Structures are given as structure tokens and as C-alpha cells.
Amino acid sequence: MFKGIYTPIVTPFDADEQINYDYLKHNLDSWGKTDLDGIVVLGSNGEFVYLNKEEKMQLVKFVKENFNPNKKILVGTACESTKETVEFSKEIAALGVDAVLLLPPHYYKGGMTEEVLYKYFMDVADAVPIPVMLYNMPGNTGINLSSGLVAKLAKHPNIVGVKDTSGNIVQISEIVRDTDEDFAVFAGNTGYLLPSLAVGARGATLALANIIPEECCKLVSLFNEGKLAEAKELQLRMLEINFAVTGRFGISALKYALDLLGYKGGESRRPLVPILEENKKIIRELLIKYGALS
Amino acid sequence: MFKGIYTPIVTPFDADEQINYDYLKHNLDSWGKTDLDGIVVLGSNGEFVYLNKEEKMQLVKFVKENFNPNKKILVGTACESTKETVEFSKEIAALGVDAVLLLPPHYYKGGMTEEVLYKYFMDVADAVPIPVMLYNMPGNTGINLSSGLVAKLAKHPNIVGVKDTSGNIVQISEIVRDTDEDFAVFAGNTGYLLPSLAVGARGATLALANIIPEECCKLVSLFNEGKLAEAKELQLRMLEINFAVTGRFGISALKYALDLLGYKGGESRRPLVPILEENKKIIRELLIKYGALS
Amino acid sequence: MFKGIYTPIVTPFDADEQINYDYLKHNLDSWGKTDLDGIVVLGSNGEFVYLNKEEKMQLVKFVKENFNPNKKILVGTACESTKETVEFSKEIAALGVDAVLLLPPHYYKGGMTEEVLYKYFMDVADAVPIPVMLYNMPGNTGINLSSGLVAKLAKHPNIVGVKDTSGNIVQISEIVRDTDEDFAVFAGNTGYLLPSLAVGARGATLALANIIPEECCKLVSLFNEGKLAEAKELQLRMLEINFAVTGRFGISALKYALDLLGYKGGESRRPLVPILEENKKIIRELLIKYGALS
Amino acid sequence: MFKGIYTPIVTPFDADEQINYDYLKHNLDSWGKTDLDGIVVLGSNGEFVYLNKEEKMQLVKFVKENFNPNKKILVGTACESTKETVEFSKEIAALGVDAVLLLPPHYYKGGMTEEVLYKYFMDVADAVPIPVMLYNMPGNTGINLSSGLVAKLAKHPNIVGVKDTSGNIVQISEIVRDTDEDFAVFAGNTGYLLPSLAVGARGATLALANIIPEECCKLVSLFNEGKLAEAKELQLRMLEINFAVTGRFGISALKYALDLLGYKGGESRRPLVPILEENKKIIRELLIKYGALS
């Protein structure tokens, strides 16, 4: 059911830190015309931690009403408590989106044993009326969802996949090995897109696809057509710009790249800071080097 | 201004995960009669991440109305965004509490450089009308507030102290060295209370003081009276029960210990799990061994 | 020049902790008849840290005299000091082996900056008369050789490749991207063999190839023939036994698996401990499940 | 038996990387006239990993013959294998030194479970005819000796103490709590000297005592005399220069400080690099600021 390339969309803000819905509409129109299979709203790149509940509801409603209805919408709904996650996920589900994407609770790192995490995800999957995709993001949460835990959770009929942003290709391989073919194992970053496809991943959720969605989709096509050498060449070529907008400079750089490429990135919310002028220059040069900009 | 022993109070829940205000009132009455200098509401041991905004406001209001007015109240108010932290801190300040306790934003770990954190705390300290105490809790946040950063922030007239739960005694020493005498350097865990006092800490915020507040206060007295040998003996004696209720078994164990000692711990919210029967036995035995229970 | 599958051979010991050369001869004869491109002597799986210099010299001499002369021999020669590494590498080179494999010095972790490591490897590569392959093994050394550092070192005419055991597939991809085509990028563990080939690695040094060398070589063939689905199936199938003999149970388990498969594993040196009886059972079952044993 | 302040002496090298015994003699004479209780030879600050076995034997022999016979000599003798550690420790013991200081084996980090480490230390302590002091140095080894492990080992009659350089003051406290009074718990760095004394440590092994031995001894005296305020003042004052010569700039800076203070630091062995000119300036200024230099 879930496969191909998704992008976790950015949330464009005005200079006064309010969501700019005109910008968002512009971007949704553009992404809707690409080969993307869908988008993720309220993901890490969407600054979900900086939005309050009302803003989140309004945002998802707007996306649902304004995005290409032939593509899928996933929504990040994890809260720290089971109770709040269930309640919020249900409200989001009622808006007609396709699935929720669930980070593990992570504040009490010492208490989040595999048993506790298992119960959390099972409780939520039992209660939420739409499919659940697990979201493993140890870089931000400090918690890893092991392949053993994911495989156990994958037996729940309502848990349909995992976005793994650990960068651990062995773990991704083990999840593919230990789950059914219809369980959607998604790479969480372009840095290991081809390696993940090579071991059986069915798709990916890529911040880079905010700015060059067609290139990300093309890598999947090349792989599916058995054009390994071309796929490798593209994979290696995407690494540098990918690292710049996801690792080295962060969300503000991703938004600046959107601006350069005809999208509307807008500002970020504090404490995130605007991209420095010297880093703008680097982003521009990397996009030119890549061939996305002339 | 801030010194001595504070305890980050637990939030007692019913079996249906609602806050039990009767239990809370009972505990506030008890703590109010001890030598504690104050309490922290909405701290890590208060399960603040499991409470929504309405619950937080109501809880703080209740504490303010029901706690010994001669003792201080600190409130944890950190949110991920600067905007929301400022707004929430102002609302809490309006309830008449003594200071806010501020964790750093920590979801985007890669983006939380010292510069970004500096600006965050300065922005909040500028905007909030009551004193700000920094809260360093790398075990839960994955972010450390270095001694250099704390010393820079300590120059802001509205930043009055730091609760350091890093366990890094060199860092605590450096903060004492690099700040004025009226800057409140607080140890964040009983495990290093005496060592912190020895290098000049002015107080501590101790989960253990939920259950044995007088013993924690006594260690400070012994130290102040120069009774080093007795202080050392008490420090070593407190380590085991402290580790059990803060590190080994977590908040549910702390709540169970409260139950045993005449307080009302109540339940925790999911995903936290109730304490196992075999661990209850251990807690009981440790309290007996310590001498708090017979 | 260097490509394909190498195995870091184990060093079989007697019950009294002496090297058993009969066992070694038996194994060398067996490995020599396989499709392996070569072997590594004095690698991590060879317990090189438990051998003194005399033993190391004698061992390498024996291997050189007794191994199939049509296959290559790499030798681990890193010592902590530049001086001792150069001297020992020269002595080893004089025995007629094909290259040395160099771990970074790693005791003074804080002092091993990229500049210091760069100088170390350049100094050694300048002085040693045979090719140098870098060996990145952060799990044991606590030091990572970044893709940037490796790319810089790759410009030295005598530094011909890297064995990367970081498990970081992005790093391996970057090294491929940033080095010439004749620079031998080798995966350091079977866990990411296919992903590494997919991004352009030219070979691998695999502990697993001690016990099932032909299977490891077959994966390379399948990949080279474009049989991606079969390669993926084999990659996933090898994960479990690979983890058992390299991660979960260690060198003693690898030696026990050798015993089961007609090789002679022998004992390990203390502090390494013999494999437990219950773990022997697991190894046997995994080999049967894999199909290497009936 | 072991108490007070020891210093892990540096090994002075010539420009051609040979040990300079004249320099060493000069230093031994100077340290021998201080209040130091003893010295450690072949410790981390002595660059033991850069010396071969012959050099180590000769060095220890020289120290034994040239150091004040009223002070104690500890020697670092750990090798990776049990066998080599035992053999080398016996040879060192035969030179008439007072104890050996034993790091855990640490190359195979995954295999060094508490059980394996326990057996290693017990095997060595059984075989070596002089007392054994454990040496916990996780920053360099990547392995921590837990308080539980140390307490178990402390029951061996020949294991007489531990130098703990973890910086974990809770762990140090637990070791004091769980061992007999004659077990020598030593702080491993000046950064936490006073905190360690406060919880019952009996001494310390301090790199800083290479350059300002009397000041380190004075802190112990102040503490023993109950002059807590003065002890605290001294502790805080030593932090900056201590960090400079142990953490920030490393062994070359420590040697440069020795040069400035009338000792003979000499050069380091590669890959360690000489101290930069700009860092020399910083060391000089810190020594002046401290009052050790005018």
C-alpha cells in the first residue's frame, strides 16, 4: 500500500513566525504535479515541535483540502503520552489523511525499554482508525527502534511500515528480512536511498525530495529498471546537496534551497536561526554543481 | 535568593490517568511542614511531558493556592519554540510563582549550537517577568549546557541560577568558579550532593527529597556546620535508595516509595508502567535498610 | 589492484595458548582452494593484540610460505607510535607480503585529531615499501576515519585503499565518490556487503569468509552479473549467522563454526573466553538454518 | 598502605625520539624532594603505548635506581592478553617496585563483559607477587570499570586500590561505600580531587602533580585539617591550568609547562605533535595567572 517517494514537507513561516498559507499552497500545487507518491505533514522537517495543537490541526486540514487527492498524506502525530497520542491521532484521522507517522516517546530515555515502547505502539495502533507507520529517528530522539522491536510490531494489522532514519543499513536489512512483503520499509534519508532499495526497502521519506522530488523518484525508477550503474552515479551525486540541506545546515538551508528552485520556503521559527549569507552562497553553488540551478 | 533543598514534586494520577488533586493536596501539606526551601512543579519527576497546557495551568494554580506560602515554587515552563516558551512562562508567572525552570529546546539536536541556545535563553529571560533558572538535563534532552554557556547566560540579570543534572562535577565546579556568589548553582541529583556543596553549590533540586526531605536538608546542615565525616556518611548511605528511585526503577518507584512513607504517590501516565511486584519488594527493603521505614 | 573478497584469518591456539601451526596450515590449504582473492593476517579476528612481535613475525612468515601464492596477503601492522609502526611494517614488508593494513593509533583519543592522523598515515606511507591500506574500525578503536580524511590520504601514491568497518554506508559512499576508481574501498563486514557494492565498493574483508568463503564470493558474482534479486536474497540470508560470529558471540564462536565446517578454529587467548555450550548449540543451528551444515 | 598524591610521570624524549635519561634524572630528583607520596611510571601521561618492552624495562629500572627510596613507585603493566600482562608484571615486580597499575584489556570492547574483566584481573592478581591497583580510564580505553566490578575485585587480597579517571563522582562514592577502609580509592584527575576527598577517597594520581606537586598535596592537607573554604578556593583555582595540561592541549603542553617550571619535559613521540607556539603562550599565561610562574 505505501511505497515510493514521500517528502516531509517544510512549514513556511512569515517573518513574524506565523504560518504562511499562501506559500504552503504554492508548494502543495508544485509537489502535487510531481511523481511523488505522497507527503508527510508534521514531520521533523515540518518543525512540528514548534506548532501548537490548533496550528497542527489547521495545517493538516489545509493540506488535505489543497493537495493532489491522488497522492497520499501521512501525518506525524506522536506526543509523549499514550493518551494524548491516541486523542490527537484520532482527530487527525478524522480529517481524512492516509496514515499517521509515529515517533517513540523519548523524554524519559531510561524508561523507554523495548517492552514499554512495544506497549505504547500497540496501544496506539489499537485505538487509531487509520494505518500507523513507525518513525525511527534516533538522531533527534536518542531512542532507536531495533529491528527486533519493529518486526514484533509489524505483526499488528494496523502497523503498516517504518520510516528508518537511523542510517543503520544492517538494521534496515534485518527489518526487510523479518517482515512481510507488504510491510513498508522506508529509508529516512537520501544518504542511503540506493543501499536501502538494494536490500529491499519499498520506498523512502526524503527531506531532499522537498527540493528535487523528480530526481529522488528517478533513482527509484533506475533501480527498478535494473540500471544499477546509473542509479549508483545518481546516488553519489545527490550526497553532497543532501547533506547540506539535511545535516550540515538544517531546515533553514532546505527552505532557502526551496526559494532558489521556485518553491516558497519562508522563515523558520525560533530558536532555529536564519541561514547565514555565506551558507546561502554554498547552497546556491551546490545546487548549480548538482545541475538543479543554472 | 535561591538556596537549599528543593524537590521536584511528582504528579499523582488516578487509575484512569487523571490528576488526583486530593493526593496532591496531601503531599503539599506534608512537604510544606518540612525544612525544604521550596518545590519544583512540572519538572522531570512531575511527568510534565505527559500533561497538556490546560492541565499544567490548573496544576500550578492548585499548588500555588495550597502550598506553604513561606516556601518557594519553581515551575518548569520550557517548550521547544521560543515563542511558546515565552507565552507559557508569562502565563505561569502571572500565577505568582517564584521562578521558571528552563530546559533547553532539544528536538533538533544538531541545530542546538551554543549560539542558538544562548539566544533562546536570552530571548526568554528578556521577556519573562520573573527569575529564570536554567535546567541542564542531558540524560533526557541529549543536550549539555556547558559551563562556558552557563557563565555567559549568568550575566543576564534575570537568569539567577542553574540546576545541573549532568553529574559532571568538574562542570559544576567551573560554573561556581565563573559566576557570582549570588548565582544559584544547584546539584540536580542526590548522587553528587555533598561533592557539589564541597565545590560551592548553593543548593540542590532532588527527586529523593520527595520521600526523605529532612534527610536531604540535614546533609546541607551537616556540611554547613563543618561536620564533614557525618556528611560523608550520610551521603554514602543515601546513594542506594537514591539510585533506586531515580535511576534504576524510575518515577513509578518514587511514587511507590511515597506511598510507603505516608505520602500519596498515585499512578503514572502511560507509556510509563506501574512498578513490578518484585521491584516493590526491593524498594521496601531499601527504605528499611536506610532507616526510613521499619 | 585490490578487489574482491578477503578474509581476516583467525589465529588458532592450543589449550596452552600457543599458536597451533598445524591447524593454521590446514586452514590455509582450505582457504587457498577457494575463490577468495586473499587473506588478512594479524587483523582484529586474528587476535593480533594478543601476539608479541616475535610471534607476529613468525606467523606472517609461516603464512607467506604456506598460502596459495596466487592469492594476496595483507598484514595488520599498526602500532601506537609512528616509529614502531614504520619499523614493524618494514620488517613485515621484507617477508614478501602484498600490503599492510593500518589501524589508526587510538589510545590518546583526544589527541588523535584529523591533522594528527593525517600526518601519521602519511609518515608511514612514505616510509613503507609496499602498499598501505587504511583500516577504519571505530567499534574497537573509538576513532573514525572520516570520508574527508580518507579522500585526502588516498592522494598518496602508496595508500591504495580502505577497509571501512564503521557500518556507515553514507561514509563508504562518500569515499567512493571522492577517490579514484583504482582506490580499493572495501566493506569491513558482511552486514553491509551488498549495500557497499551497490554504491561502488570494490571488495570486502569479511570475518564471515573464514567459514563460508564461497558464499561471500558468490554475492559479489551475483552483483556483478546484475542478478540483484538473488544477491539481495543471499545478503539477507547471511545476516543472522554473520551477526552471530562477528557481533553477538565474537571470535570464539567464529572458531567454533570453523571446527564445525571442517576447518580448525582452535582456542582463543585469554582474556577471551571459550564459547559456552548453549551458544555452541545456537551456532550449530544457525549454520544448519543457513544451509552450511546438515 | 597507598594514600596521598602520586603523579604519573612524563617520559622525556629527545628530538630524535629517544628517551632522555638526563632529563628524567633531573625530574626524579626534583619530585623526590616534594611531598608527593609516590609516582606512577608507564602511565597514560608517560606515553607507555609508545615504548617497546625493552624501553619499558630499562625505564623502570632507571627510575627505581634514581628515585627517592622513601617514596613509592607504581608501574603501569597492562597488556591486552592475560598471559603477556602476567609475564610483564612479574618482570617489573622483580625490579622492586611497590605495585602495578592495571588498565583493563580494551581492544575487543564488545567482548570485555564484566565477567571477562573480572576473570582477567583475578588471574593477574593471583599471579603477580606485588600489589595490584586497578586503573579505570574510560576516556582512553572505552571501557568503564563499574563500582560493582571494583567492589568484587577489591575482595582479592592482592588488589589494593583503584585509580578512577572516569570523572564519575557517584561511581567513586559507591566504590568507597562498597570497599574496606584500607582499599585505596584514588581520584584520577585534579578536576575532581576535592569532591573525591569529600566522599572518602584516600588519594589521587594527578598529571597536574608533575608540574605543581606541592599544590596538589596542599589541597589534601587543607581538607584533612578541615579547612574546607580554603580547599574549595584552591580546587577551583587549579581547574583551568589542570584542564589545559590534561584535556585541552595534552601531554605536549604538560611537558612545556614542566620546562617553564624548572623541570625537563622534553619532546613527545609521534604521532603526538609538539605544542603550537600560540598554545605555549596560553600555557605560560595560565601558569602566571595561577601563580606558579611570574
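To keep things simple, chains are lettered A, B, C and D as they appear, and every chain counts its residues starting from 1.
Heads up, the rule we're going with is that a contact is a pair of C-beta atoms (placed from the backbone, for glycine too) under 8 Å apart; a residue touches a chain by one contact, two chains touch by 3 or more.
The chain list, named the UniProt way, goes like this: A, B, C, D = 4-hydroxy-tetrahydrodipicolinate synthase.
What you are looking at is a predicted structure, and each value in this text was computed from that prediction instead of being measured.
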Query = Which is the least count of steps on a path of touching chains running from chain A to chain C?
reply = 1
Query = What is the graph distance from chain A to chain D, where chains are linked when they touch?
reply = 2
Key: Taking each chain's C-alpha mean as its centre, the one farthest from chain B   = C
Ask   = What pair in A-B, B-D or C-D shares over half of its contact pairs, by residue number, with A-C?
value = B-D
Ask   = How many Å are there between the centre of chain C and the centre of chain D, using C-alpha atoms for each centre?
value = 35
Gap in Å, rounded to a whole number, between the CA centres of chain C and chain B = 50
Message = Touching at least two other chains at once: which residues of chain D meet that condition?
response = none
Inquiry  = Can you work out from the touch definition every pair of chains that touches here?
reply    = A-B, A-C, B-D, C-D
Query = For chain D, which residues count as touching chain B in their complex?
reply = 167-170, 173-174, 176-177, 191-192, 194-196, 198-200, 226, 228, 231-232, 235-236, 239, 243
Ask   = For chain A, which residues are in contact with chain B within the complex?
value = 17, 44, 49-50, 52, 80-84, 105, 107-112, 115-117, 119-120, 123, 139-140, 142, 247, 250-251, 269-273
